[in-house]
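Here's a structure for you.
When the chains are written out, they are named A, B, C, D and E in that same order, and each has its own residue count from 1.
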Amino acid sequence: MLHLILFLFFGAICVAGAVNLLVQSHPINSALSLIVVMASLAAEYLLLGAEFVAAVQVIVYAGAIMVLFLITIMLLNAGKEERTQGSRVATLIGVPGLTIGAVLVAWTLVGRLSTTRSVSIGALWGAPKDIARLLFRDFLLPFEVTSVLILIAIMGAVVLASRPEAIARRQYSGPRPQETRELVATGKDH
Amino acid sequence: MEGLGPIILSLVTFIPAAGGLLILLIPRRDRDIKVFALVISVLAFVASLHLPVHLHRDPNTFKFEIDRVWITTPNIHYHMGIDGFSVWLVVLTTFLTPLCVLISWTSIHERVKEFFILLLILETALIGVFTSLDLFLFYFFWEATLIPMALLIGMYGHGRKVYAAVKFFLFTMIGSMFMLAAIVWLYAKTGSFDFVVIQNAIRSGSVPGFETASLWLFLGFFVAFAVKVPIFPLHTWLPDAHVEAPTAGSVLLAGVLLKMGTYGLLRFNVGLFPEQAHRNAPWIMVLALIGIIYGALVSLVQPNMKKLIAYSSVSHLGFVVLGIFSFTAAGLNGAVFVMLAHGVATGGLFMLAGILYERRHTYEITEFGGLATPMPKYATFFLVTVLASVGLPLMNGFVGEFLVLSGAFQARPIYGILAATGVIWSACYLLWLYQRVFFGKVKHEVNNTLPDLNLREKTALAPIAIAALVMGVAPLVWLSAIDPAVQAALAPFTQLASTMVGR
Amino acid sequence: MTLALATTTMTAFSQSFLLPNLLAQAQSSIPQSADYMRILPELVLSLFGMLVMIVDPLLDEENSHQSLGTIALIGTLAALASTFWMAQYPGTAFWNMVRVDGFSAFFHFLVIAIAAVVILSSFEYLRVQRIRAGEYYGLILFGTVGMCLMSSAIELVLIFIALEISSISTYVLAGFRRRDAASSESSLKYFLLGSFATAFFLYGVALMFGATGSTNIDAISQVLRSGNVPALAYVATALMFVGLGFKVAAVPFHVWTPDVYEGAPAPIVGLMSTGPKAAAFAVLLRVLVEANAPGRFWLLWVSAALTMTLGNLCALVQDNVKRLLAYSSIAHAGYVLVAFAARPELGTSAVMFYTAAYAAMNVGAFAVVSHFANAGEKYVAIEDYAGLGRRSPVLAATLTFFLMSFIGIPITGGFFAKFYILSAALKSDLVGLTLILVLNSAVAAYYYLRIIVMMYMREPRGEVPVTPVPAAAALAIAVCVAATLYLGVLPGRVLDYAAHSTHDLASDTATPSASSASLAAER
Amino acid sequence: MVPLSYYLVLSGILFVCGVLGFLIKRNIITIFMSIELMLNGVNLSFVAFAAQWHALSGQVFVFFVMVVAAAEAAVGLAIIIAVYRTRETLNVDQVNLLKL
Amino acid sequence: MTPNPYLWLVPILPLAGAAINGFFGRRSSKNAITAIALGFCGLAFFLAVVIAVRFSPASAPYYFNLAHWIRSGSFQVDFSFYLDQLSLVMLLVVTGVGFLIHIYSVGYMWDDDGYYRFMAYLNLFMFFMLTLVLAKNYLVMFIGWEGVGLASYLLIGFWFIKDSAAAAGKKAFIVNRIGDFGFLIALFLMIKHFGTLDFTHVFAAVQTLPTETAGAGLLTAIGLLLMVGAAGKSAQIPLYVWLPDAMEGPTPVSALIHAATMVTAGVYMVARSSAIFDRAPMAMMVVAIVGTLTALFAATIGIAQTDIKKVLAYSTVSQLGYMFMACGVGAFSAGIFHLMTHAFFKGLLFLAAGSVIHGIGGEQDMRKMGGLRVYMPVTFLTMSIATFTIAGFPPLAAFFSKDEILWKAYSSPNGSWVYWLIGVITAFITSFYMFRLWFLTFFGDYRGAIAHDSHDPSRAGAPATHGHGHSHGDPHESPWVMLGPLVILAILSVVGGWIGIGGRFEHFLAPVFQSGAAAELAHETAGEAAGKGTETLLMLISVTAAVLGLLLAWTLYLRRPQLPARIAASLGTLYEAVSHKYYIDELYAVLFVKPLIDGSTTILWHGVDQGVIDAAVNDSADAARHVSDNVRHMQSGNLRSYAGWVAAGGAVVIAYMVWMGVR
């Protein structure tokens, strides 16, 4: 009973945060509401008895990733977003389609689910030890491979975030490309 | 005894292409290239003469057969061989190519090297179409003719050459795609590309699901060939292609490429699907009929010499289709013979038109008139070719048309009668053309100064005239080779044909 | 910055090699040497990737291109060699994470070969476009690792991670032309939509996990072949199809392709239109065919039809060669999907052959394009190709050859590729699809022809420069021509191999007849 | 006692919210956030299913997903910065040089 | 049937001459050319005579197979030649008259630049004509049939500088082609039903068939179709239109081809096919009617013509009508008889007219002639003989032949008095316009202006007509090389008919027309008593008709020359119509030619070809491009739209899969 209440409570916060993310016009607020969502999700994980995941959720997501987001927002001091009408397709086709899909999925999830067994706190024997066993034995390869992933991410970040002029000044010679987008691109060089 | 046996066929087929590749190595001195190309093409011609000379007469097998495994999966063989249908077409190709080389001697100024390379490669592809007995090989050569021809039109043509080239390419491409589907179906069901194997499989009824599919297969092949022939509603690429193409291109286009279509109808549509062919004969013959009369009438009013000849080809090939689908000995013999005759005569006409274009840079008939006075030799050659094309007895045009018509008449009298009106039409448009171009006083001053044929042109034209005459006087030389193949092809039709005549 | 890089490299290094030894005490939890053999190419690739990263700071920008490129090239070649070695050790490794069989070996070889050729064709390009070589080659190598893993992984999670590796590396590579706004935009679009689609895929994985209780392909296929299929599995398949359909650019998930291809550097387009795509097809085969995903027949049928038709239609009026080729690649994806709709034992080998043939010709075509594009990729409009046939005949001839292969003229790989798909489709009586395919390839001839016409039948436009083809690019193009020709003249060996490995796939799964039966049931 | 389907529905809602955000938000960063939202939704269902099947692997997946998400975040934000450099805007509707 | 190895030489010789002159004539001297042409033609004639001398009815017919020509399946055609009484007659006529005209041409064409061409063409014509005559099967006959058409095309258009000549040549060829079309169909019918084209086999097969009473039948069809061919070649209604125009050709050509030989080929062919016609009475009747009508029709036109050659042309048409009338009533021998005599006197007429034209410098309008008998006596003499002959005065050749025809038309079972009546009327008209011509040309006084003024500039391109240095100035007699043939022909047209007396000619030909002749003979013996009396009566009537014609012409054109104009005025439109040949050419132009050209241009070419087919092709291409242009706007470049597509697509996929799942 209590369990259900807790679930509903955190679920409500979670959804509220998600919706808030959508309605807020300033990225900062969206980011914050996203943090709310993540935090409440962590609680839900606890309810499902996944302590480890809950912990990682808070540390990695709320801690690391969102910080990155905030830093970027600050760096680019992104203002309130203007409500431009760039795409009719998104609203006319995407949203209705999305709703249909969502309804159908939900219907399958609720109605046709093979089992609707319910779960209670601590139902899982999710001790970190077992998880470690999984991670470093059964899932050793994915674990190792993630390192490659991270490496790529770092390289990518380094390449893309560094300023192109650095190269340009050193090697550039000959006439500027004339195309408009080139002008847009190089307009910032000096 | 088949002399050189199996090698000769590959030799004939690939001599030109080899020559073309050699030209790649020759430095860009146009004269050497031309001479070399001429030598190669003549060589190919001489080699090809070996075929009819040593051709077995027995109907049921292919001659000079060579059958080697090329690719194991899919089961593709390098299978070549000829019979009465194809042998003369091969010779026709090798016969026309040297003349093409001669005729483009001076008319091609730039990118000479590429031109002759393309020409020779085209020749190989054409021969290959007639010699290959493996459906894949056939399809390969079939497509291979496409590119050099399109390039010849597009690079060396004039006027709306690009439009013409693209139109030519796409028409044929779309058609051949359906053929590819049909071929793949056959392969999927029989596990072989080999013409003979497939034919036997079909005859023995050991192809699963053939009954239901046969109509579609027939149509698949038919569309591809109908575009090439061209049969009536699919013919509009032809005039454009001809008008814009360089002379040599037109000659090979009219002389040989169109025959690929009729040959295909004969070899595959009739050879593989006799029942379907027989069932669909009526409407196909109607189309052929329309082609004959329609083509003639339209060509009657063409202001452009080449367009006129092009439409006349539509009319003439209508005869071929009519003959093929009459399923009578006379019809088929005639059809094949018309192919050859038309190849020679119309090829000649295009060469003549080209010669005139070289001098005046126009094909408009109104630009000429009274040419018989300044260039009598030219006029004479033109007359001979026209008469051959009109189908005057003792000229090659007559024998074929006569046989086709009598065959069609035996099969379906009314068709024969309607088709026979073509005899009148051809006289109308060709003689009218001749009158407008050569008779009367010289209308435009420039035409007074036109030089008559020079030696090169005469040597290019003489073979045409001679061939036209010889084929008309001694057609047996050709027919005696064709007839066995016809008998073989008609074997499955004997009862069908008889019922048809009965109707 | 380089220091940071070096350290991360070391950590990654240590992670991937020392840790197993640390764990060596716990018995039965030690990866055997065979396990390493089965990921040998991946190991080699990442090794050389790191090598590139290490060497990069030591060289100065000016002439680092050649040396780094050479290292990367050697790496790919070594990996290529090691593929054969790997193929000697069929079986699963790392506790059912990867399986080495003919199938995965085939795609390993293909993907690595693509990477090698792309690297080769990039030598000059990087100098002309003033792109930093170190990260470029590194990313290609690491991305290749991801692609390789995609083809051999049989665990959805690993597949997911591998997918991410290849995707992220290509996201970054797409944005490498830093001075060009188009490049970064394409990178952004690719990235956002890519992760959007990945989320769908992931959701599908989750639901599949929920439906079957496992994420191992074999286990899943066991469940899915056993009588009653949970409804959830259908939804899961749908969602995974969305994700993978995006990767292979199937309509309507293709929308990103043209923009990204137009903006990205030409050689990278050559890579990402073939490498990740081939890998994605491999995954699609694993997920749909090997796992015998339910209810896929009409899904594939329709999306195949849509994909090829739409791709060709849009390509008709394109004036930018890269964009045109992008649409054409969509169309070709459609052709491949036709093979997916065919009976598995027939379709699979057709898919494999097609991806190989398409890789050969497409990489080649883009190599030509990227050479011709010149600094800042100025000359990518079709009009710029006018008279190319006269100004550099060889280049034009090779491009024509590739275009012929696209069209499907015999003795090019493209012909047999199309041929096999057709025969597979006809053997499984997909007459409708066959006709659509035939019509499409006829239409397609038109826009490929446009380029040929431009090159041969139009007069040259003066201002477009034609620089002589540098050795490396020439070599790359030559390799592509050779491959296309080889596949077109002697497709036998490759086909046998594909068919054979199809048997692997089919035998890993239950009898193919079962799955085809399930397909038949769906019609 | 909470029926499992509740968790799944919640995850579904989150996922849908993410997609919706992608569709309607204009700011690139926010769009990226909504992708993260979608991933979170997926994570929840992973954990829920893990609970259903009593399979820990479900939780391990979440771990991997987070790692991937982190990597994506790094690259994604870098890309966004690059785009901002060339275009000086974060509005998606204005990032459409490449079209048709 | 006895083989005769010389037969094939007869046609081949002229061909050799043609070939030699054709190839080398341009560079060789005129004498050489003359020698070659006359030599080979003469040889042919000589050979023909030899063959005739060694001809014995007992061993006839002769044949010779030169070589196989066409074979397909069971059907086969050979180059084979055949000689029986019928073809012997034709052979002699053709070679004889032909040779004479060759000689005449030497004089007539000597000054023409195209002399060698002309001679070559003439020889070529001889070759084809002889092939036609000596053919053993219909296809070889067809060679000659088409070949003479070609020759006449070339010779009519000999002065191709003149547009009218070129057009006339084309017209002749095409109209002939229309006839040949019918001929071909007839051949196809034979092939289909008899499987052969060889005369002997075909006729043998025909013999087995019953006589067709109710018209519609195989033989009737064949007969009618053959008649179409004959009508084309022999200028019968409705295909006669080409012959008058053909007069554009040099006069010897008109004499040889369009009077003596080629135009009679149709008659020969019908006679040759007598076996078929005998069993197709319907077809016979058609032949007779066509012949009769043509005879009358052409004659009426002949009245009002002013061009001397045109008059002769129409008279030729009308005389051919007589021959067909004869064939039509089953009197083939009579037809052939008239054919022979006609060859003599009509050839003579033309040659004489040619000599006149030649003598007064190319003038052909009779109104510009007159009183020429003093200038050119020989021509006058011969011309007079010819005129009286054609008018049918006894005992000249035409008297016998024409009378024979009229009698058969009246008496034979298929005949009737109607044919006879029209025949007599025609005879009257004939003699009228012929004497009109005679009086206008030779009597009165010379109305021609000074010769060189009389030159019609349009003739500038035709050197032969004014090539003579001395042709300017007064009219003059022609050289003997031209007069010689005139004289010979004149003699022939006097004595030529006598061989017909007492039905000798008919009995000579009897073996050829077995069935038909047999029928007639039977009939004659039956109506013997009545026969003789009526025959003489009818003979008298026709002679009177001729005399009346003479008198009328005399009154109108000699005694009261102003009368014709007044009559013409009073007749008004009728006269107009007659003088314009009843506007037939114009009618054809409106009915066939113009609709054909316009229809092909507007409907077929611009309409179907460009308007429908090409338009369809191009439109579909444009449509594709258009669709593509719209479809690609799906690619708006906006990220959210793309996401929208993905989401929507995903929704569809999910929906489908859910449905699959719950199904």
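Note that in this section contacts are C-beta pairs under 8 Å (C-beta built on N, C-alpha and C of every residue); 3 or more make two chains touch, one makes a residue touch a chain.
This structure is a prediction, so every number in the text was calculated from the model and none was measured.
The minimal number of chain-to-chain contact steps leading from chain A to chain D is 1. Taking the mean of all protein C-alpha atoms as the reference point, the chain centroid lying nearest to it belongs to B. Centre to centre, using the average C-alpha position, chain D and chain E are separated by 97 Å.
Taking each chain's centre as the mean of its C-alpha atoms, chain C lies 80 Å from chain E. Taking each chain's centre as the mean of its C-alpha atoms, chain B lies 45 Å from chain C. Centre to centre, using the average C-alpha position, chain A and chain C are separated by 27 Å.
Chain contacts: chain B has no residue touching two or more partner chains.
For chain C, residues that reach two or more other chains under the stated contact definition are 157, 161, 164, 168, 171-172, 175, 178, 180-182, 184, 187-189, 192, 196, 231-232, 234-235, 258-259. Among the residues of chain D, those touching two or more other chains are numbered 8, 18-19, 22-24, 26, 31-32, 48, 52, 57, 60, 64, 68, 71-72, 75, 79-80, 82, 85-87, 92-93, 95-99. All chain pairs that touch, listed by label, are A-C, A-D, A-E, B-C, B-E, C-D, C-E, D-E.
The touching residues of chain A, when paired with chain C in their complex, are 104-105, 108-109, 112-114, 136-142, 144-156, 158-160, 162, 164, 167-168, 170-172, 174, 177, 179, 181-182, 184-186. Residues 19, 22-24, 26, 31, 92-93, 95-100 of chain D are the ones touching chain E in the complex. Put simply, chain C touches chain D in their complex at residues 157, 160-161, 164, 168, 171-172, 175, 178, 180-182, 184-189, 191-192, 195-196, 199, 202-203, 205-207, 209-210, 213-215, 258-260, 262-263.
Within the complex, the chain C residues that touch chain B are 389-390, 404, 407, 409-411, 416, 419, 422-423, 426-427, 434-435, 438-439, 441-442, 445-446, 449, 453, 456-458, 489-492, 495-496, 499.
Chain contact summary for the complex, chain A toward chain E: residues 86-98, 100-101, 104-105, 107-108, 112.
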